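Note that subunit A is present in both complexes that follow, paired respectively with subunit B and with subunit C.
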Partner chain A sequence: MNFRTFAAFVGPSVFMMLLFIAFPLVSVFQQSFYVTQPIYETVEKETCTPGFVTQTCVTEQVSQPKLDEHGEIITQTQYVGLQSYRNVLEPERAWRAISDGSWNVLSTINFWKALRFTLTFTLITLPLVVGCGLGIAILINNAARSIRGPVIFISLLPFIITPVIGVLSINWLFRGDGILTAMMEWWLNRDIALFAQAWTIEVLMMIYRVWHVAPFAAIIFYAGLQTVNQDSLESAVIDGATRWQRLKYIVIPHLMPLIIFVSMIHLMDSYRVFEEIVGFSSQGYVISLQWLTFDYLTPDQAGNRSISRASANSMLTMIGVVILLILPLRRTWRDHKGGH
Partner chain B sequence: MSSRALRQPLSLRLTSNIFLALWCLIAAFPIFWIVVMSFKSPVDAFDSNALNVIFGPATLGVGKGLSLLDIILGVAVIWATIVIAKKTLPPMVKSYSKPGQEWFGWVIGVLVVLVGFLVVFFVVLPAVLSVLNPWFGPLGRDVLGLTTEHYKTVWIDRGFSNNFKNSLIVTTGVVTVSLTVGTLAGYGLARSGSTLAFWILIVALVFRALPHSVLVAGYLPVFINSAEWLAPILGDNAPTLYGKPFAVIAVLVAINQPFTIWMLRSFFQNIPAELDEAARVDGCSHFQAFRRVIMPVMWPGVITTGLFSFLLAYNDFLVTALLLDAQNQTMVPAIVGMFNRETTTTDQVVAVAAAVSITAPLIFLVLIFQRQIVSGLTAGAVKG
Partner chain C sequence: MKLKTILMAGAMSIAATGAWAECAFENDVPLKSLSAGFEAWKAVTDAMAECGNFSASLDQEFREKQPEAFAADPALYQIGGVSNATLVPLLNAGTIRPLDDLVEKYGQDLLPNQLIKVDGQTMAIAMMVNAQHLMYRDDVLAELGIEEPKTYGDVLSAAAKIKEAGVMDYPIGGTFKTGWNLGQEFINMYLGEGGLFFGDSNMPAINNEQGVAALETLKAMTDYMDPEYLVSDSTYVQQQFQQGKIAMANLWASRAAAMNDEAESQVVGKVTMAAAPMGSAVPATTIWWDGIVLASNMSDEEADAAFRVALEGMDTDMVSANNDVAVWLSTAYSAGALAAGAAASAEGGAKAYPASGPMGIMHTSLGNGLADYLTGAKDAQTTLADIEADYVTAAKEAGLISN
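And then the complex of A and B:
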């Protein structure tokens, strides 16, 4: 296939990715150094309250946004350098908190709070997803052929459901005196409020995420289990290997590429954790990096969006993505070179 | 299974099946539960006693319920529909439709069954039962509280049908455009072993990992001010892109593109290259070979990829919440608004009913396309 045909086939797709992914990235990078603000002017304003005999009048200096001839607020865009990054990171306070070793102070800064949660969430759910996925795959593989279809159907439900709705459905089971909270209260014989402190919310979020992603892992591992070499399993039995040894020395090495694939996808996706925060409405206790950007982008009560801060936060989030991807990309590059 | 050496003892098989049943329970329970809740009065739906939620005494108290007879006949109608759809429908479609146009026959057939089911279940059955119930004494007495009023509230009073329409527009647009663009690119990438193709795929992989909020931060200022910077090109009636469904479609297509081209590429790699080489030898250009030889055999892969594009567009919250204004809102942001704004339990149950309304199409999707979804998941993994 010559270059011209190749370009004709791939062109539209590449064009869309450039226009809607690469270009926004560049513009986010640029925005993070600029701030757009309304221009304020200071006006002397006399306010009078009616009184007996004479009015009481007060003159005070009021700063208000300047309006143009159409009555719209005039804004100006200004180069501020790293100021937005400083606003997001608050390096002095963060540094003081770290040198004091006081975690509570550090967690009052949104960015560090979000980063802490995002990383814990990603790292704790990863082994759980791989483990549960593997377990479910082995269970399905053990089951009679006739029930595998229905079981896979049921397993797909948590994976296919709209994430926000999935979170809400878990939320409704626990919120207030939801049936599962009531059951736990009856069992432990004490009062439980799951939404009153951060750690219980985090645990619920992790439970949701594992429930949501484990089926995906399970189906991929199940497909991998179909191709395990039966002969080597049999010879292992004859050599006296226990079930556990067979799993450890034959099945898991065979599934290794799939385990790496699932871990990669899961790392990418759970680093973007977002729907959990919305569905549990936990912003008072727990926030994530992507939610923080979302929050900066949502108009506040005055209708302003802090685009500049959102951009700075996005760029900082991107650093994490790059770190996440370095290793697998190096591997792909080596495979590509080896393949030629 | 196959050999005696690998046969498992009964105890192990039993344990394994018990755990499998437990997993199925965990997987299905939250979804099953919101379905149950959505049919109850608020007092029942948020009762801390599970049995009260299921049987709904308070819902029964206001006279909304089902008798044993209702349940038996209802299950019978559902069962009959399934039997008709599985046994009677396929031969009828085969005999009535022209060869080559069977998909058209399927569309008509499924529509007829669906409409027939809706008419019988929601119009004929209630009419018949209201006559029959008083005759059957204890069998005809209400035992299970059940009310559909929350669905009426959601769809009629709250204007959820408008959100549904918007979701439909966005998802249809995303699936059509991303498949058209992605199929061409996937084919090109699969058939070219050049370094450029490799780099495009790598960059696409990096793009896939990007948090979507990063991209939206890039769109928002541009979209809000678009009337200004488009004015030199389009004149005075330049549109403001913010809030427009077609702008969101373009954005979602682009966000989905990396995944689409990876997946379609792996499908096209499974189609032997000899096929299009033979067509080329016979004098076709690359495009003719694609149209005449590849297009007839590519549909399984395209349908599978289409399903995943559909899911992305349908499930999206972040992009649609930030880029669409209130009157073009899709379903998922709408329900989050409902859930966050309202605090009385009645409103919460209405939100539950809305959640079930969003989930129902997805469940049907899995029911129909289970094989394609599984094959799509595994295809990506084996190649990726």
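And then the complex of A and C:
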């Protein structure tokens, strides 16, 4: 392919990536070092609100933003350096908690609480997703040709369901006296409240995530299984290798690049865990880094939102993803270099 | 015979809607409104639509859209639905217009307490008030010989008796969902104790005896609540009531009608509306209002039409047709048993929700920070100190506290 054709094909995609990914990223990076705020003045104001018979009026000092001659709020933007990062990380408090060795205090600071859950969630679901995915793929591969289509379809279903809807349905199945909780209560003959402590919510979230993502891993692995060298498998059978030995010494090494690919995608995805928090409304017990960004961005009733802290937090989230990806990336890079 | 009845009923209902569908004038200016999406707004905007050339957006996320939509020139919506809290950003940005001349021209039927005045100027027209107040199961309490609870002490001892008698496992319901709802519960309690939220220059002032007392009452209530209280919002509490699982809750007046909804409720006629339980100072609740504002970025002709349409939306016909949907501010409203709780709370001296810019931040900080106390991760003082610290960080970022 000559360069012009190449450029014509790739150009639009590069343009879109610059416009929708690179520029916003640069802008977020920049905003995390600045704070924009209205200039407030304190004025005395009388406000009247309806009672049932008469009105109640109060006069009080209120802060109200100054307006310019066009009626726009006057704002000022200030360089604050790493202040927003400090506000998010709360290093002094965190350090005090660590040097006191009190894990409980550390886990009540938003960022660290979120990081703790995000990491646990990511690292526990990773092997489960890969394992379940491989299991499903082998199951499909061994299914009789006649039922393979329906089996693939059914095992893909969880992946097709919109995440928020999936989370909400799990929420409704288990919350309060939801069908499944009621069934477990009847079976174990005791009262169960799954949304009353953190660990049960976390387990539900992980189960949901594995259920949701395993089909994706499965379909990738299934494709990989089609290219396993049949001769090696046959000779292994002749040599008396068991099913497990064939899997361990032939199939898994063959699938390794795909396993790394799936792991990387999963690390990136699950480090940005969000739908589970919103769908389970678990903020009281469990929060994630991505949810924290969302929370900073959500305006309160008076219209205030913390753009700078949100930017800082999302930069920190991105740095976290990069650190997590270094290990598998290094491996791929080494393999790649070794291959040539 | 049957067909005839159906036809008759049909004819009657057409006649009824026909009488209701009349708008005093034909509106020829295209108008749009943006408001919250609960039942009362639906009734009001439906009535507005009868004047023609009007379309309503009922949107639960209206508070995110409204400030931007009203700042546009010309404004994207002419009519806005606000509450006392969501009025603040519009007032701050100066994107809503004073209504005094329009009130003088068309507002003869308005009650004086519908006019929301800021510095002497009418900035909004209130249509309804809302408040959380005590709802309790009359039959359950009467059977155990318990008087109507007047304070939170009464509520707790009543709950203990109900639990002891084995009538219910969790007699109390509460809108304790982490976030806005939980913040609101604390604000109710704290105001009931007579607390103030801010000291000088917007500095927080909740870490005091009243704050601790409010937290302790909240915690004491959770002993009698379904352990999943941190995910329980108004709709959930309403359903718990309807299914007969709880006997008492401090719930919104706008949910009262649902208790007697025969399609959903198993406790029709058994729930009594009473004043919010007393704190040390006043009833532990806050009074809210909902009403309409008009954008400043539109022509005076448009504003004229918008005001007339808005008034048509909250006129006496609408109120009498939807009497039980809300506690309306209107001459046509007949306050029944369902409104008794809100009225009694107001008579007891309940405060209006102290809406302001700093209060918005405080509400968020409270909503996010209180769960740590209820789950036992922190003690009361640490919780309040941490909430104050969180508030200060956010208020500094917003420019409300100077560095």
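Assume the second predicted complex is superposed on the first by the 285 of 340 C-alpha atoms of A that agree within 3 Å, B and C clash if a C-alpha of one lies under 4 Å from a C-alpha of the other, contacts with A are read in each partner's own complex, and residues count from 1 in each chain.
Basically, a contact is a pair of C-beta atoms (placed from the backbone, for glycine too) under 8 Å apart; a residue touches a chain by one contact, two chains touch by 3 or more.
Here the structure is a predicted model, which means the values were calculated and not measured.
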- Message: If we overlay the two complexes on their shared chain A, which of subunit B and subunit C does A:P50 touch? Say first, second, both or neither.
- Response: second
Exercise. Does the superposition put A:T42 against subunit B (first), subunit C (second), both, or neither?
Worked result: second
TODO: Mind working out whether A:L168 is in touch with subunit B, subunit C, both or neither, as first, second, both or neither?
DONE: first
Worksheet item: Touching A:W199 in the superposition: subunit B (first), subunit C (second), both, neither?
Response: neither
Per the contact definition in the header, classify A:L67: touching subunit B only (first), subunit C only (second), both, or neither. second
Of subunit B and subunit C, the partner touching more residues of subunit A is B
Contacts of A:W187 with subunit B and subunit C, given as first, second, both or neither
neither
Is A:S281 touching anything from subunit B or subunit C once the two structures are fitted on A? First, second, both or neither. both
(Q) Is A:L258 touching anything from subunit B or subunit C once the two structures are fitted on A? First, second, both or neither. (A) first
(request) For A:V237, select first, second, both or neither according to whether it touches subunit B, subunit C, the two together, or no partner. (result) first
Subunit A contact set shared between subunit B and subunit C covers 176, 281, 298
Per the touch rule, the subunit C residues reaching subunit A in their complex are 63-64, 67, 71, 84-86, 88-89, 91-95, 112-120, 126, 129, 169, 177-179, 182, 201-202, 226-231, 233, 236, 287, 289, 296, 329, 343, 346-347, 352, 355-361, 363-364, 368, 371-372, 374-375, 377-378, 386, 393-394, 397-400
So, in the complex, the side of subunit B touching subunit A is made of residues 2-3, 5-6, 8, 12-13, 16-17, 19-20, 23-24, 26-28, 30-31, 33-34, 37, 46-50, 53, 181-182, 184-185, 187-189, 191-192, 194, 196-198, 200, 202-222, 250-251, 253-255, 257-258, 261, 286-287, 311, 314-315, 317-318, 322, 332, 335-336, 339-340, 348, 351-352, 355, 358-359, 362-363, 365-367, 370, 373-374, 377-378, 381-382, 384
Subunit C partner, complex, touching residues on subunit A are 35, 37-40, 42, 45-57, 62-65, 67, 71-73, 76, 84, 87, 104, 107-108, 110, 175-176, 191, 193-198, 280-285, 295, 298-304, 306, 308-309
In their shared complex, subunit B is touched by residues of subunit A numbered 1, 3, 5-6, 8-10, 12-14, 16-17, 19-21, 23-28, 31, 36, 135-136, 138-140, 142-143, 149, 151-158, 160-166, 168-170, 172-173, 176-179, 181-183, 211, 215-216, 219-220, 223-224, 230, 233-234, 237-238, 243, 258, 261-262, 268, 271-272, 274-275, 278-279, 281, 289-290, 293-294, 296-298, 305, 307, 310-311, 314, 317-318, 321, 324-325, 329, 332-333, 336
